[in-house]
Amino acid sequence: MLDFSSDYLEGAHPSIIERLAATNLEKTAGYGLDEYSEDARAKIREACAAPNAEVQFLIGGTQTNATVIDTLLPSYQGVIAANNGHISVHEAGAIELGGHKVLQLPHHLGKIDPDELREYCENFFHDGNRNHMVMPGMVYLSQPTEYGTLYSLTELEQIKAVCQKYNLLLYADGARLAYALASNENDVTLPDLARLCDAFYIGGTKCGALFGEAVVIPDPTLIPHFFTIIKQHGALLAKGRLLGIQFDTLFTDGLYRHIGESAVAGADRMRAAFRASGYELAFDSPTNQVLVNLTNEEYDRLSEHVIASFWERPDAEHVIVRLACSWATTEADITALEELLASMPASEKR
Amino acid sequence: MLDFSSDYLEGAHPSIIERLAATNLEKTAGYGLDEYSEDARAKIREACAAPNAEVQFLIGGTQTNATVIDTLLPSYQGVIAANNGHISVHEAGAIELGGHKVLQLPHHLGKIDPDELREYCENFFHDGNRNHMVMPGMVYLSQPTEYGTLYSLTELEQIKAVCQKYNLLLYADGARLAYALASNENDVTLPDLARLCDAFYIGGTKCGALFGEAVVIPDPTLIPHFFTIIKQHGALLAKGRLLGIQFDTLFTDGLYRHIGESAVAGADRMRAAFRASGYELAFDSPTNQVLVNLTNEEYDRLSEHVIASFWERPDAEHVIVRLACSWATTEADITALEELLASMPASEKR
Amino acid sequence: MLDFSSDYLEGAHPSIIERLAATNLEKTAGYGLDEYSEDARAKIREACAAPNAEVQFLIGGTQTNATVIDTLLPSYQGVIAANNGHISVHEAGAIELGGHKVLQLPHHLGKIDPDELREYCENFFHDGNRNHMVMPGMVYLSQPTEYGTLYSLTELEQIKAVCQKYNLLLYADGARLAYALASNENDVTLPDLARLCDAFYIGGTKCGALFGEAVVIPDPTLIPHFFTIIKQHGALLAKGRLLGIQFDTLFTDGLYRHIGESAVAGADRMRAAFRASGYELAFDSPTNQVLVNLTNEEYDRLSEHVIASFWERPDAEHVIVRLACSWATTEADITALEELLASMPASEKR
Amino acid sequence: MLDFSSDYLEGAHPSIIERLAATNLEKTAGYGLDEYSEDARAKIREACAAPNAEVQFLIGGTQTNATVIDTLLPSYQGVIAANNGHISVHEAGAIELGGHKVLQLPHHLGKIDPDELREYCENFFHDGNRNHMVMPGMVYLSQPTEYGTLYSLTELEQIKAVCQKYNLLLYADGARLAYALASNENDVTLPDLARLCDAFYIGGTKCGALFGEAVVIPDPTLIPHFFTIIKQHGALLAKGRLLGIQFDTLFTDGLYRHIGESAVAGADRMRAAFRASGYELAFDSPTNQVLVNLTNEEYDRLSEHVIASFWERPDAEHVIVRLACSWATTEADITALEELLASMPASEKR
């Protein structure tokens, strides 16, 4: 059985495991005050061309989003997000637990539209009752999105322009950022993110680490006492070096880039294989996730050989599934999928 | 200038002012432990045919909604509401400040649809990711709604059936309840609300009191230590008798019913006058609010004589305005409006 | 039976009731946007010699403390208060509900000591673990305190100096401020409070109003969007003019001063009468509250004629009780108490 | 230089690192739904003789305390703790961020006293103002305490009796539980904790794991939807098996016991060596922490050879330091300390 159901089924990239083992008996300061964490911070600052950025390592994505958003917004402000964004749907209300409303815009293949964002803000600031309403204070977006799609640099700059006009912070969730950076269609670099965003995070958990997300705050004065805030939110790892070692490894010798590239290359081969056998991609996702629109019959047939994750039912006759590649996806598995699809082409009648 | 812009432009029904003046120098216990409050509670229990109900008096609607909803929901649950509901839009994020997401359903003239509610719940409880999502724990509705429309008894019973199936609490915001109870189209009584709702409030602020909302919890075991919770939410009035005296007055000799009836009768006359002069009601609102769809030309003309409140622009050529009646609306004002409309009929071309 | 158990047993000063009745049928804007509220703000700014101050009217003391403190502190900061302060003990956890720790200092007849405050801050900022601890961000004090005692101007300036050194905000709870201002021992004026405090409130509920507290923020840029914050905290009164009218009345023709002076004069007479008959005051409280240390025998005897409030038992043989004066305390009642005490002197053996 | 400054300076016990490496490429379900986590849960249930217990793995101690306490307490209740307890002092206000007051009792070598607890509750429930105060709802204690001391079984049963009388939940923080279980003075077993506590956690971070704490809830109905709550609090690890593998390893072949025993044996040797050379232990801590009361001269001398952590200054002439043993403390290091102390006895004059 081939399993492409997720990009975090395994542990960590072997380099990380080896490094954790090699350093295991060293004695270091706790709470991220160690030298590995300092080294990782320096490398991330350099990769982002943000020499003064504050970089803090948290453990997981929901935790990071909740801590950053809660910290940056005063009580009366909410965060604008796509209505299928991670914070809108799949964080169990963590943003609201922190006291903030998620102000939802319709998504377009996972993305918010700069014009719709502008219109939302215009309407809000012209509404006579706005002082009785939740004021937008931040835009949240994911790069890549939950659909594996990408914001172009132009789109990000358009969004940033709206943010500047309406005094909104811009925050990017980079849970799968490695796959955005590695996509052939991508034109947004880490320095671009550091230039355009008030805060963003570089995902580790879904990009080769055991766990961990690196929050980058280009202007280090933005969040005073962030260390204590992280502690208060239960997000401070006692043995903080575990995060430092992982991110130091990821940002040494291009490992983070390599992880992204190998996964996207695998996904590209899978997309090509599906197309070659007549299958229909649900839409054109240029990163490590492959979304395929199957007939029920195709779905049943493929499910005997491949584990994919259920995405949604566009209608009673079809199922959209997602296959994901990662650092752990082997050549052998991709080749096996190619052979399977070649031997099992799409149904004629769709 | 005639002013119909709101139903809470004035102070309180004169009976209330008189009673407050008459009792002003009496010494009573504070915090609602006085006899006026006890008397008011007894009268409300009787009006609701809910002899065991806990009745607590809070000061305003947003405060009441926030306190009740925050108290009844555990952290991981949210409250379902119409997307134009008061808690969805006009409470400045008070529900989220308490940690809870407002799960929005589309509104139909202000109401949620029982079938759409059922479908939402079905989808949630069949979603494989539901443990990562905000679980619905309560349905919030307003009677009458923000559009002045009414849930029928059948609709409430259908909603209740969904609540029972999915273990949701049912909570009704009765900020303008007097006008629902007095509407000719209404078939939902206070005892019906007490039978169907886990909690609801009888509005005072917009129904003749200076301020105050009476929360009714038919099962008195539902919220242990509600008194302390009210205090903790800053919602406990030191001189609680002010609330007791007001609600005691409202529920003596049918004053609450009378306030509702006189306002609805006034609104009925206004609706008839608009129709008689060829104006178009935006929709058929059977309570104390009159919503009229005006052409821009009509709007400009009427605005020279009448203050109404802006509701929305359905298109570039029209404006919907709201006129409200209350206990303070005089015969003279209504007659003046009738005469004005008679002399100033609707435009021929709409 | 004489009842001196509290200073808010009655409604409001008759001038306020009259004014509310006289204005009852006027139509005004809601939410404190009316002219009465504007007039009251202007008068308070003038009384405080703080021409730019933001003045907002809230309904009660706990609500005011919770809203102001929650708004002014970031999540990682707590508020320093006396361990018998109102926020420490008698607000049902309202400050913690907003996410903030109350950092308690020992009280000295209700007051915090400037030197102990300084030492607390020194210790905190020298503690190697301070980044894992709640950082002090504000000093809360009451004027007068819960014991009816007063901070002198010198003490307030010493506290302010510590606040400036350690970057703490200073906030004064003036629930009974009228009685402080009227005390013979007082040397702290409203302009002093406006000069020294970042925020304070002028109490209405316990000083002659039906309800209401006027928050004064001398630097109006301190809290952006305070209106929305008040709404979000459920603290915005729909018919805001009720607060405006009350405070406008209190600050017209010296009523607030008069209310304070008459109550303190009454309390002075009561203190003199207790002393003249050999009773022991628990301590020297110079405002409207009289604290008497009674033997059990004295307590039983007086309780047949006078209602006081239980304060505490210093030991098994004694009871401390509190008697309070207000605008509503009559000459007749005070004379009756004087006669009672003259006829019923203290026990010889204490 | 000998470093005894902490028991979490290193990574994890080598068995854990080996196991993580060995399983690294396996594909498993996320979020703790994997078989390693299930196996670990089964072993913990067996070790606790609590066959129905819910066991959930969280990442760190502050996170665990905040999530459990926030979940178990309604808004109006607080948690009683020693005034030097971890939640009282060193969690940056995480409990208050969740909305709850920490009600502090004086500590006695880190422990709360059952009689003082009983008296606190009696006073609360007899206080006429208790409905305006934070109601105690839970007792928090640490085993071992922050001072390395232990509650005896008798003490825990006395505390439990108070909890039962006043309807308080009992929660034990077991951040260093391995060292309690291994102490010669200990008579409290895991089954005792499961019998007496409503919830407790078995510490991993400070007891040989990279990170992780196992929450045990003997009555699995106590917290409905705990999974979602954990997610909402940002405490759900995506690759949950990392926690499962660690705790499965700790509870296989007695590793958790062995880790505790070796550390306590090391600490016993260190205590004996200090005493043999005439040094004074600050108090008798029977677990893995050694607290020594040094003269300033002794402190300076020892600091040239040994890193200990500063504890407190009892007076100007003395310093108390803490030395900690763990699974990573080597025989060689302890022998070196023994030799050092033998060669460098305590000052004659103390």
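Each chain carries a letter (A, B, C and D) given by its place in the written order, and its residues are counted from 1.
Note that a contact is a pair of C-beta atoms (placed from the backbone, for glycine too) under 8 Å apart; a residue touches a chain by one contact, two chains touch by 3 or more.
Given the structure is predicted, the values throughout are model-derived calculations rather than measurements.
Chains that touch both subunit A and subunit C: B, D. Interface comparison, A-B versus B-C: the higher count of C-beta contacts falls to B-C. Measuring from the averaged C-alpha position of subunit B to that of subunit C gives a distance of 35 Å. Averaged C-alpha coordinates put the centre of subunit A at 43 Å from the centre of subunit B. Across the assembly, subunit A contributes 75-76, 91-93, 97, 131-133, 228-229, 231-232 as residues in contact with two or more other chains. The residues of subunit B lying in touch with subunit A in their complex are 75-76, 78, 89-93, 96-102, 128-129, 131-134, 310. On subunit A, the positions that touch subunit D within their shared complex are 3, 6, 8-12, 14, 17, 20-21, 23-28, 30, 59-64, 66-67, 91-94, 97, 205-206, 210-211, 228-229, 231-239, 242, 328. If you check the complex, the residues on subunit B that touch subunit D are 70-71, 74-76, 131-133, 135, 224-225, 227-229, 231-232.
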